Each structure stands twice: as structure tokens, then as C-alpha cells.
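Each of the next two complexes has chain A plus one other chain: chain B in the first, chain C in the second.
Now for the complex of A and B:
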């Protein structure tokens, strides 16, 4: 497994040669050939013939979306093994599969299922990992995501994010808005808020139990914090002027917010209970879109003090400000990876809006997407994928994932919804 | 002395505008210094306005002001109040000075290009620019609130329709207590 542990991006040496803290890397020689070929067989059902959704599709989509795996087409494979003993290793080797996932679903009483699965190393001809889950039939997708997470963690060393949730704003009927949450892959959408006025900037609390957002329901932007389980919400900030851009501190106790009073957008700190507001940055220019470093010591933000929008960072101890982005005239919407080593943001490149990825140690910049109208990129909590909004060459907007190696862009199946500003929820232990 | 009056007024506004916040006494907020020179276009320097064209009766008692008397339009990525709007702004200033119970909300807007939050800030720059023009005619901040809707009401087809300029504005709205 250790031979998978070095990333080189398409001839572009992105990281120093030592393995970075908790961010595993994969040797890429180019295109599909460098992804790990994996076959995920359909799980055979025992005890009933019910249609509960194909768990192997869930696992295939998950692993494929990550950009690190190439899921083989398993239709036409004659012998579908259900246990390790049934695996014909020479057949799988000839199909060039490196790993194989097989399993079975046993239907139990009271609409429950037991899912048993194995991850098999084709070259070593042995099972490297296996497990069993019991849950309700309707939880089959969630069980599939658990399997994906276990496989991902085993093969990359990093936590999987396939069990996580996302939030996003949906505009509908031309003038109404919903704040939705869903599985990371766009399934199981539920609405937290339905409003006649715009909703922007949803942000998950670090414990995943609350969402902060900006609502215009008071005919000006104000910030709410809403508890997901109960639907109860608290007005965090309604000062004179605008109240927007909430950003939770890594310990969840404070938020950076943007207030204007009767002047320009300035960044403040406020306790999560609404007390103790204090100004952070003094500037004659716009300062907005605060985003904390994972160690809680710096806040990255957007400012137009250099003319157009660029990203800067503010050190909370020294109050020192330094500029972070230097390429191009238009860089905004900063989002940091959980280990603080990578920064993604929106950049305008020759008129096209694209997602940029910057290594904060070397300051090298890579364009992760092509545009022309990409927006609102946010990191997955393991730093391996980015969620963003893009427009097809029609009017429809889509939310999609792009893998951090740039190899896979996949939309979420949200239909024709008009969507904006996704936020990615935390990993649950 | 003027500075401390402004500071007190600003602190007064802050305390009135929020429910349970105590300001950090050790970090007093500095009142913004209006940048008159940068807010007005170049050819306005030194010009004194005499009587505005607008009939004040038109403004007073007319809750819905005509669009062309309360909307100030801006160039792309800019928040400078153009010369052509100064007479309108002066008329509004006169009204506010003569009607202390009248409160004004200035709403800033942008076209759809860019992020929601950055455009909220840009819209705010526009509403603040109009406020500062009103300040220059003697209006106090206590009668004005500046807010922004950013790109939330922008026309997504403005490029095709060549109408993006219509989305870049600051609107004046009155409430009377």
C-alpha cells in the first residue's frame, strides 16, 4: 500500500517529497492509467427479492468521484463471486482489476438488512478488509457510504467523506429560496428554511449540528444560527447595516462575520452566543469572506485594497496582514484544507471564472477547473475533493465535485434546481 | 470636538442597533472619515450648488419617489457617484435636513458577476458613496442606514441583453416615524 503514497500532478511537482501531514498522495502517471482500478460487484440478495437500490452503485460512485479510483465495468463478468472462495483471481487479473469488492445482502425481519462485504487484493489474492452492517432497508445508501469510507481509508490512509452532508441554497419559482441539506452526493435532500427573500453563505458548525447563514428576510442581510435537529434558530447578528459572511472558528466558539454599520464591509469577531463583538481588521477597503486557518491562528479573507479582489491573511496574535494571491487580477472566495496546507479560491482567468488551487508552502497555483462560470468552491473535510457550482452552456446551474488531482469532475444529481453556494459538513467520528 | 460627537453618535447607533452586545471599550471604533474627494467625480471640485431643479413638494409627502429621482447608477466595478446625480442627492439632503423625523435607507446593488459576499460589499460601497455625498450636504448619519443586496436581484441575462448597467445602482428608500 505504501507505494501509493506520493502525488505528482501531471508533471507538475506540487508538494515537497516528504509525505504531508495526513494528506496522502497518489502516484499519477497520467489519466486513467494511474488511478487504482477497482471492481465493485453487485451484492447478491438473500432472503427476499426486494428492490432497495444497488449498493454496489453507491460504492462505485463514491470511489470514482474521489478521482483516485477507476471503477471497472463489471457487466458481462460471468461468475459473480459472493465470497472470497468464489473469486477467480486470474479472471480479475486479466481484467486488470487491482482490487475487488464483493458482498451480500441478507434480508432480516422488520425491514432490516445485514450487509456483509469484503475488499480483496487481486495480486496478493487475499482479503484485506471485510465487515458487516445491520440497518434498515431504507438506509442502504448510508451503508454503502460506510463501506466506501472503510475501503478508502484502508487504501489511501485518509478518512473518507462519503458519509458526510452538504448544505446548499436553492432558488425556485423565480423569487423563493430554500436552504437545503443533503448527502454529500446530492441524495436525501431536506429543507431547513423556506423563504421569500434571499439566503446566502451557509456554513456548517465544526460539530455538524448547526448551520449559520445570511437571510434577507428583514429586508437587509442578517445572520442566523439554526440547529439542524430541532429547526430552532437564533439571530446572531442584526447590527446597523449589513451582517454577513459568517465563518466558524475551528473550535466552534466564535464566528468571524462581516459588518458594515454605515461604512464599508469590515471583519469582526463574535461569540457563537451573540455576545462580545469586536472589530478585527481596520481597512479603508472592502474586507470580506473570512475563512479560518485550521489552527485558529489566521483568518484568510478577500479585500480590494490592491484594486481588484485578492486574498489576504490576518494573524490574530500579531495583527499582521499579508497578501496570499498574486496571480491574476481577480481572486476571491478562499477556502482552506483541514491541514492548512492548501487553499482553493475562485479566480478569473482571461474572462473565465475557474477554481484555483494554491499550495500555501510553495505558493504554486493550479487551475482545477476550466470555467467559464464556476463559483463558490469549498473543500471536502479530507481535502481530497472540492465542491463547486458551475453553469452548463445553458442557464442551468449545477453543483459538482472535482477531485483534488483534477481528474474527475462529477455533477450532483440535483435535477434542474437553481443552486448556489454549497457548504461541506464535517467528518463524523 | 467634532470627532468626539461623531464617535458618540456612532456608538449610540451601535448600541441602539443590537440586542445584547457590549462594545470593547479598549478598542473604540474610529468614525469613518468621509473621503469627499474620491467620492465625487473630478469635474465637481469647487462647484457650489444653488437651487436644485427638483421641487421639494415632489419629495415631501410622496412615499413612492419616481425611479429617476431616487436611483443612482454606477459604472462596472466602480462606486464613484457621478456628477449627473449630485443635484438629485442635494434635493434629498435638503428634504432630510428639513424633516428630522424622516429616515432614509440606501440600498446598494451590483450586477451578477462575482461572488455573493464580495458583491454585497461592492453594493455597500455604492450605498456608502451616496451617504457620503449626503453627508457633504450636511445630512447626519443618524438619519441614514446603508445596506446592500449585492447581486441578489441581478438579471442573470444582462450580458446578452446588454443591460448590466441597470443592475449597478443605489436606491433611496424613506421611512417616516
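Now for the complex of A and C:
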């Protein structure tokens, strides 16, 4: 018995002494939505000195457009280092830079350039990523976008979307329409289709090789699918009534479309080759604007079944319908992020149409824009930005991006073009 | 009947004549000279009733004398009136000239003013445009700032709430210390220790960029060693990863960025805080 007590006593002494010498623990919950301060220095040119555009401006613009970075003003910084060994870290710390991008451009034969770059961690005082790209001189913007993508992925853990394409409709000469394709930031515009009749709802196929769209050239809305590389197109849906709102399934084999066929607008499924059309939801109310979940198991859509327009989802396996939006009386035009965790849509808030972001896990809603007449929001393929249409002070319609932290709204430099109906293409590997 | 009487009454005739002349003079004076000139003195006016009865000859003589006097007076008045009128005319001409000159000057001035005004207007327009541009810029800037401010305010609200919660927790923890005033555990004041733990926690939390940690509930742990100045002794050591590289890096940067960390001067307290274990939950806890 005594021995037993002794053991307990010894155990107690040992335990209490270990408590006394244990590390102090501090729990830290949450954080802040801040922007990473980054300095992008002008790249030095070697070989032939040619004006080929400033690659550092492209990188700066890309990173700040994402809303996750704050590109520091580096004018007046005399010492432009060539490598991390030349970096005066205390100088960069005093500028509150956390990262630094430096690089050089070597002009090669046959109008080619080699771009070498490094990403330097100012806190750790070392290069954390570096790379080299060789391309044609005229591809300098594309090379800049590639550098941005690499930096973005290294520092945020998500793929960059700076080397992707967008599509949008341009109205010109009052009654003519073009379906345009451009870089994600509005540069390098090319026209895929020219029409005397309106074009709406362009949607990229998941492989980025085709675009489905609605055309009024048959004097009513019909759906076409057009190959981007060849320009070849085929009529996907020309059924009785209106054919509209195409949405590709994640595997690209099917599309959800909206037909008025015998009744009001209803969602149908159709194979990408135009075969096997079947009605998806049997409802007396309008069901429209379908958008697939990334696993292909659910379709989010707009319906007026509860009175005003709200967003619902339909499970393709169980045929179960559930309501998704509850905040506000007027929510429409749903679009899901690539991971299915976030939903964006248009919401009417105090008479203004704004872009709303809903976290589908917590159902928290954040209004990303201020309106008053925002339209057609679509996610970037990495879900970190949203492309949307808005009217500025001069009442001209613009296409712009907004970061999902709401910190950065940036118009695309499209001048006075009358633009509408944007669509963001996928990330190509 | 009375008219017949008048024919034979010289005195009455003379008086009437004199009256007529006076009246005429009076009228001439009124209309030629005008109100602004001084009315001249033209002698006594004799009133019918008080006229004394005189002999005929004398009367005619007196009337003729009076006539001459009156005539002289009228000529004098006329002359003075003419002179005055002349002067007036000259003055008028001068005035007119002056006015014309003034008009010309005024026109010149007006032209000058117009020019100046036009220049001013142009300047104003340019200024207005500049102002407009500035305003537009300011509005855009304002929008940006407002957005940031809103976020900061929201963040501050959250932080305030968290701080309050922590304070409450601290108060509860502090209570025994306060009651016993100096509850000492292993030679250390626990109230003071908790105060510094809270200060360290707040400083690091400010710098955690949770956007780089996805949306899931994740946690990660670091161990740090500190110098008495609050600087890190060596690099933070990650003992548990969030499995998200960008998040691990962001938290490590937050720790480094928080230097110097607030530490007590008391060496006993410092020895408790010089090695710390930091547990992070960037997206909160389930």
C-alpha cells in the first residue's frame, strides 16, 4: 500500500514539474485579408536594345489585378539588383516589400528573346523561385503572363489565370455584332464571328477548343458550337421556340440548354453532338440559366418557383431540388467556382444590381461590387477573380474584373467598344 | 357791361396790362428757365383792392415808367435766361461730349472686360475640366479608399470583438491573481504572463494573411525562440503543416513580420516566454 502511495506521489511530482517546464502555448485564430506587398523591378535588356513593351508592367498589372498583391512603386529605387546577392534587403524591408521580382531580357537571333527572372523572399533573404522563357519578341506580354502565373502559384497556392483567354460580344455600327476572343486582360483581340444579328451567352468548352453561343440569325435564338482553331461551326439546338443559355458539363460531353418548346423556359440536357435531348426538371415555373457543379452531379439554376427569381440546385442523381439563395428578393445568373465551394450571382440590393459571392460552406454572402447595373458575372478558372459587365460614370458599358476579396475592381482596356456577355476560358496546361 | 366800363377806365387798363405782362413773364420764366434756376425777383405785385386812386396823367406816366421798368426787367431776365440757356447748352454739349467719351471709354472697357472675361471663362473651363477630372479621380480613389476602409472597419470590429472576448477570458483568469493580488506560480505572476501572451497573439494575428489558407478549417503549429529584445532567435520552426504550402509560408511570414514581439522586462517572466509554441487556426475552428 505504501509503495503504491509512493508511486502515485512520485508520478504527481514528475507531472507537476513537467507542467512547470512545458512550453507556453499561444493560440492564434483567424487573420486578415491583406495584400502581399511585392516589388517588380524593370527587366534589364542585353543584346539589341529594342522597344518591345515593358514586361514588368505586365507582371505588376497581373498581380495587382488579382487583389492578392500590392505592387509597390519602385521609381526612385536606385539599386536595381541583378541577383539575390546584390539585393540590399534592409532597403526593401524599409519599403515594406515582402517579395521582389528581378529579371533580364536577352535578345537572340531571329527576333527571339530569352527572359530570365527570379522571385526573391525579402524576409528569408533568398531566391524562392526562378525561371527562363524563350519566345518571339512579339510574345513578350505572353511571357510576362507566364511569369505572373508562376509567381502567383508559388505564393498563393492556386494556379494563375494570367495566361488564359476570354470571349465577349462587341456591338458595332449600331446593329452589327462580333464574337471576340482576347487575352484575359483585354489585349490581342481577334474576332471569331461577325453577324448582323445579336449574339449572346458565349460559353467555353472545358478543353478551351470550342465556344457554344446563342445567335439570332435564324430570327429566333438558336445554339451553335464553333471550333476556335478552324472557325467551323454546327447548329446544336434549333427546336421549336427559343433555344438559349448553353452550359457545358465538366467533361464537355453534354450541355444543359434552355428551351421554351411547348411551355415556358425549361432546362434540357443535350449531347454535345446534338443527340439525346431530354428535359431535366419538370416544373411549372421558369427554370433557366443552368450552371454545372464541378463534379457534374448538380446543376444550379434560376427559378421563380418561390415568387421572385432565386437560385436553386438540382441533383442529377436524386432529382432533388433545393434552394440555395435566401438573402434578398432577386438573385439570378449563378456561376460556380472550379472547386464548387463558391457561388457568384447577380443580386438586387436597394435597387442596385451587384455581384454577390456566396460561400457554399458557411452560406455567408459578400457583395463584391456596388452596382448600379452590373451584369453577367463569371468566375475566373481559379475562382479568385470574377469577370463582369458594369456601367461606369459615363454610362458606357465596360467589362472588368473584381477580386473575390473585393479589394480590386479593374476595367479591361477596351476603349470605347460596346461590350457585353463575357466568358472566361479554361487554364490550358 | 363791365367791358364797356373797361374802355373808359385807364387805370384798370394799365393794371390789367401790367398783370398780363407779369403773367407772361412769369410763364416765360417757368418754361424757359426751368425749376432748377432761381426765380428772379420782379418787384412788387399790386393787388387790385389796395391800388390807390391817382390822377390820370400820373397814372399813365407811372404805367409807362412801369412798362419800361418791366421791359428792362424782362430783357434782363431774358438775357440772363439766354445766357443761362447758352451755358446750359454748352454744359449739355460738354456733357454730351463727356458722355460720348465716357461711352467710348466704357465700350473700350467693356471690350477689354469681354476679352478678359473670355480668357477667364476659358481658364475657368480648363479649370473646371481639370476639376472634373480631379473629381473623377478622387471619386475613384475615394471608392477604393472607402472599400479598404470598410474592410479595415470590419476587421477592426472583428478584432475588437476578439479582444473583448480575450479580455473577458483574461479577467476570469486574472481573478484569483487579483484576489490574492500576487498569485505566484513557480515564481511568476500569471496575470502579467497572460497579458504578454495576449499582446504577442494580437501582434501576430494582425499579420496572418488568411486568404492564402483556402477555405477549410486547418491548423498549423510553429515553435519560436525569442531574444529579450523581442527579435527571433533563429528562424521559426514549423512543427505541424497545414498541408497548404502558401498557408505555411504566409504564417511563417506573419511571425517574422511581427518582430519585435512585446516582451516583459522582468527576467523571470521573460524566461517563461522565450520559447513559445504558436498554434494557428487561420479559418477559425469548427
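The working rule: the second predicted complex is superposed on the first by the 395 of 429 C-alpha atoms of A that agree within 3 Å, B and C clash if a C-alpha of one lies under 4 Å from a C-alpha of the other, contacts with A are read in each partner's own complex, and residues count from 1 in each chain.
Throughout what follows, contacts are C-beta pairs under 8 Å (C-beta built on N, C-alpha and C of every residue); 3 or more make two chains touch, one makes a residue touch a chain.
Just so it is clear, the model here is predicted, and its values are computed rather than measured.
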item: Chain B versus chain C as contact partner of A:83, first or second or both or neither; value: neither
item: Which superposed partner A:305 touches (first chain B, second chain C, both, neither); value: neither
item: Which superposed partner A:123 touches (first chain B, second chain C, both, neither); value: second
item: Touched partner set for A:405, first chain B, second chain C, both or neither; value: second
item: Partner chain(s) touched by A:155 [first = chain B, second = chain C, both, neither]; value: second
item: Partner chain(s) touched by A:57 [first = chain B, second = chain C, both, neither]; value: neither
item: Chain B versus chain C as contact partner of A:396, first or second or both or neither; value: neither
item: Per-residue touch tally on chain A - higher for chain B or for chain C; value: B
item: First (chain B), second (chain C), both or neither touched by A:74; value: neither
item: First, second, both or neither for A:98, with chain B first and chain C second; value: second
item: Footprint of chain A on chain C - complex, ascending; value: 136, 139, 143, 147-148, 151, 155, 158, 162, 186, 193, 197, 200-201, 204-215, 223, 235, 244-247, 249, 253-254, 256-257, 272-273, 275-285
item: Residues of chain A touching chain B in the complex; value: 198, 200-201, 216, 220-221, 235, 237-242, 244-245, 258, 260-265, 270, 274-279, 282, 284, 286, 288-289, 302, 308-309, 332-333, 346, 375-376, 395, 420-421
item: List of chain A residues in touch with chain C within their complex; value: 20, 23-34, 36, 68, 98, 123-124, 154-158, 341-342, 359, 361, 370, 393, 405-407
item: Partner chain A, residues of chain B touching it in the complex; value: 10, 13-14, 16-24, 27, 29-30, 32, 35, 77, 105, 114-118, 120-122, 124-125, 128, 131, 141, 144-150, 152, 156-157
